[in-house]
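Quick notes on the structure that follows.
Chain nomenclature is as follows: A, B and C, assigned in order of appearance, with residue numbering initiated at 1 for each chain independently.
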Amino acid sequence: MRNIFGLEQPDSGHLRWLGETTVIPSPRAARDKGIAMVFQEFSLVEEMTVIENLYLYLGPTFDWEHDVLPVQKMLDTKIKPYSLVNELSAGEKQQVEILRSILISPSLLILDEPTSILTMEEARHLMQTLRALTQNGITILLITHKLEEAIRYSDQITVLRRGKVVSNMMASDATKEKLAELIIGSKLLRSVKRKKNKLRETKNDYLLSCKRVSTKQGSMTNTHLKEVTFSLRPGEILGVGGMAGQGQGELNSVLSSKDIIKFGEIELFGNAQIFVMPEERDRLGCTPNFTLSQNLLITKQEEHSPWINFKSLDQDCRNILRDFDVRGGKTDSQAKALSGGNLQKFLVGRALSANPDVLVCNNPTWGVDLNARESIHQMLSEYANNGASILLISQDVDEILYLADKVTVMCQGYLSPTLDRSEITEVLLGSWMSDPQFKALNSCS
Amino acid sequence: MFIRRRRIAPSLAWQFLSPPLAITLALATGYLFLTLQDLPAQAILLDFLISPLSDFYSLVEIIGKATPLLICALGLSICYRAKIWNIGAEGQFIAGALIGGAVALHLDDWPSWLSLPTICMAGIAAGSSWAGISAWLKVSFKANEVLTTIMLNYISLHLLAWSLSGPLKDPEGFNFPESALFADSVILPSILAEGYLSIGALIALLLTVLLFILNRYSILLFRFQLLGEDESSARFSGLSPKRLTLQAMAISGGLAGLAGIMEIAGPVGQLTMNVNFGFGYAAIIVAFLGRLKPMGMLFASLLMSITYLGAENVQIGFGIPRATTSIFQGALLLYLLATDFFINFEIRIARAQPE
Amino acid sequence: MDIYLIEAMITAVIRSATPLLLLGLGIIISERAGILNLGQEGMLTCGAVASFLTMLATGSFPISILAAVAAGMILSSVFITPVLILHTNQVATGLALTILGLGIAALAGNPYAGETITAYQVISLPEFMSSPILRAILEHDPIVYLSWIIAIGVTFFLRSSSSSILIACGHAPRVATILGHNVIKIQALATLFGGAMAGLAGAYLALSFTPIWSESIGAGRGWIALALVVFASRQVGRLLLGAIIFGSTDILQLLLQAIGLSMSSHILAASPYLVTIAALVLLSRQNNLNPKLREPRSLGQPNI
């Protein structure tokens, strides 16, 4: 899709546009041909206002009242021209992007994973809007990993696997199972749910507990925590759901260093060791230019202070590569040389090899292929079965429902009450993700 | 059509190839310019680079000049690895010279074995504190360290001028802005029987080896590198970027201060405005040219030292002003930065578009 | 204080603020585009030597000014080419440019050290405007007027909608590329403008401010201007204010004598640098809170 938009050039082959073979050398050429694109990472300048961002794309030739308002009406949005993009919510930013794309009257609109940052309600609304746009003669290319979305809202589905088209079908012929099989290339490995493990009793019931923890307002873009309370028992996986940027990063930081706490307390019982895995999605997980050994050393600094023992470091690193089946790299290869899945396996392996009593991981399978995802889930699940507790922060609802014993949701810095997995439903999770009051639904009060 | 691609791993070959290539390019540019001005380019360049190597006294002087350059560059490399842009080696050098020199003027009745370490420590402390100002401003006020270190360079120069026109002026110095000559007991001993090469050269060599070992085995140096490579990762692993910044600047400034006092209590022998200042800036080039690696900087400092002597030679021989040194140095740094591109990128000839 | 002292002081402040204003305008535009060019001192000094030598050869002020502008632009292209094409480190490349520029200026000006030229004449006001204060404010040479015109131009440009492209390059070059803008071209043009301004500032120093050649004619003004731009958080109005404050430190000696204090000239000479540090400290912190005043996000970052 970066080819269509002119950001990258094909090595071979050609594109046909409206029946003619064409070359799209640049994004501007794509726009001139009526191709618009909404990226997963927004292409908005955070420090500028909405209207300045529109200028950036459209030039100063449009009029807010005259050109933008009708489109806003059509999309049912209420974006103000002089608000800073920085201050908009993720959903609103996406609306600005779509607004801007439609203002060039495109004939093709490409959307890359548009619903990944939206609540279920917002996503449904977006999908309906997109359907409405097709009525106006706009062709829409929707890139998504959500199978249901593809089946429900599209006309035609193409499945890509490792850069190759593996199938092309009408949406009416598609089923979830069929698509999933095409995507991973084999039957879904996942069949058994994690068996509920017996909780070991310790002197203290809890390994980790957070009581009404609030953090200072850091930068403008960060959500700070508001009276977050939860506790973790040995052998338990607590899943923290919620959309991106609701304070999960802060929860991570607050558990790794306490200097940002405003009030509240965090307690670790019985000399429990905690290991907080940095989030790779925010590129915090590893240092790409460092070798794998050096990346391991980052978390083992105390052991190697003041002098680094390379012999034991390399041995530890080799053990991780072996035990956690990390392929495509040696101890002295740079982290950036590893594929996403292998890197994530390395990072989980690095965390587990530190043998912590409490592991905090944040989106451990983000951007990882299904096989690696499966083995990471296996690793985490086994580790919890051995009596450690895991705080699993994830934006992936499936992952939480699959792994966690208990579930809670984070929204605007607040944490919902903790529920047992059996009590939770996808509908309840979905509604809590956009409601910091966490009102119970009628069915589960 | 040529296209560039990022290499998967940095090219080791280019890491070694780019400095000689940059030197060659800088010389070629010099050749071109000299030829354009109808000057005997070949003879001048030979005089510039080769003649300083031809006799014993020149060699001693090369090593003597390389000493402060190398010590300053070793310190700078620590900061640059942490991506702290300390441009203030010059000011820290002067601070070390000034305070160390002031102490030296008062310690002329102490025995050498006691006074020399004392004045060296004074120089180190002065350089360290001078750098510490910028570090403190950076960590507590987020003031850009490039600008504060440069401002402190200017301030230190004026402070030196003030001291030499007032409190430290030689009472018998006919009003020249100079201090009295240091007593022999506060002059660093020579390591040569013939000619003067201060023990500073040996210390520089020892420091180079020490940094070479520390770079590999010390967790502190690893932390500096981590801070430069990935600050958020450093913070996440529980390190304090503020503390590391203060430490790196303090070490760096301390080394520059040491270089300053050893220059004053060595070849110069008094505090004067006529010291060949500018070492602090040249050390930046040495650090980059040596790729921030101790052994690389050792060679780079010798090369830079040759260019200083060479410039003096061509001034005497051909009447070409000494400013040519900075042109050569600036061009060299530019070429080096440019050729470094090939460490991380490769140029491929793109296949023709089928059609 | 008598009126003539005040008049002299106002004139002096404007005269020493002018080179900083010119440099600052160029730096604002290039930093807004995300380019951090630390080579200002080199470009400034080369601009000065170019105009000084041209003046000696031709005796024409306009040609000398053009020569200075050209020199600044040539030097800035020496900076921007490796930065944009070969992704060199901007800090190091800027330093290299400073060293190179100072060397070139010293070499070119070497035979003329200490020589003087006739300074640019001020443009006299019409007879009826004879108030000394008004004369002090308005009676200057054409480069000062030019700096005011450019300042107004830059202000209007930054308020116009077309500046959003420039600013987008500074904050998010990737976004600007995706939206179809040629970031490399915009950054190159912004840097060339910066070079032209530094050259012009150099011309002012050589043709008007100190029309005697000395290789240290820049006296760190390039660096001070860089700090001033941080102080001004890349806003023209604040830059003007900053330039005036800094211009005032230059006449501190005059002022101190007037009130009967005497201080070592060396300490006074260090005062602009001290004030610069103080300004950096005072403003670096709070600028980060307002997103409109924040440092361009990708300032000095290679655009790969």
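Basically, a residue touches a chain if its C-beta (ideal position, glycine included) is under 8 Å from a C-beta of that chain, and two chains touch if they have at least 3 such contacts.
Everything numeric here is computed off the predicted structure, so don't read it as measured data.
Peer 1: Two chains share more C-beta contact pairs than any other pair here; which two are they?
Peer 2: B-C
Peer 1: Of the other chains, whose C-alpha centre is the longest way from the centre of chain B?
Peer 2: Chain centre farthest from chain B's centre: A.
Peer 1: So, what's the distance in Å between the C-alpha centres of chain C and chain B?
Peer 2: Those two chain centres are 28 Å apart.
Peer 1: Quick one: chain A and chain B, Cα centre-to-centre, how many Å?
Peer 2: 47
Peer 1: Identify all positions of chain A at which a residue touches two or more other chains, and write them in rising order.
Peer 2: Touching at least two other chains: none.
Peer 1: Which bits of chain A are touching chain B when the two form their complex?
Peer 2: Chain A reaches chain B through residues 9, 11-14, 21, 23, 253, 256-257, 276, 278, 282-284, 286-287, 289-290, 294, 297-299, 301, 304-308, 310, 333-334, 337.
Peer 1: Can you tell me which positions in chain C touch chain B when the two form their complex?
Peer 2: Listed in rising order, the residues of chain C that touch chain B are 38, 42, 78, 82, 86-89, 91-93, 95-107, 110, 215, 220, 223-224, 226-227, 230, 264, 266-267, 269-270, 273-274, 276-277, 280-281, 284-285, 288, 304.
Peer 1: For chain C, which residues count as touching chain A in their complex?
Peer 2: Listed in rising order, the residues of chain C that touch chain A are 161-162, 164-165, 167-168, 171-172, 174-181, 289, 291-292, 294, 297.
Peer 1: Can you tell me which positions in chain A touch chain C when the two form their complex?
Peer 2: Per the touch definition, chain A meets chain C at residues 5, 7, 26-28, 30-31, 37, 39, 43-48, 52-53, 55-57, 60, 84, 86, 220.
Peer 1: Within their complex, state which residues of chain B touch chain A.
Peer 2: Residues 8-9, 216-220, 222-223, 226, 229-230, 232-233, 235-239, 351, 353-355.
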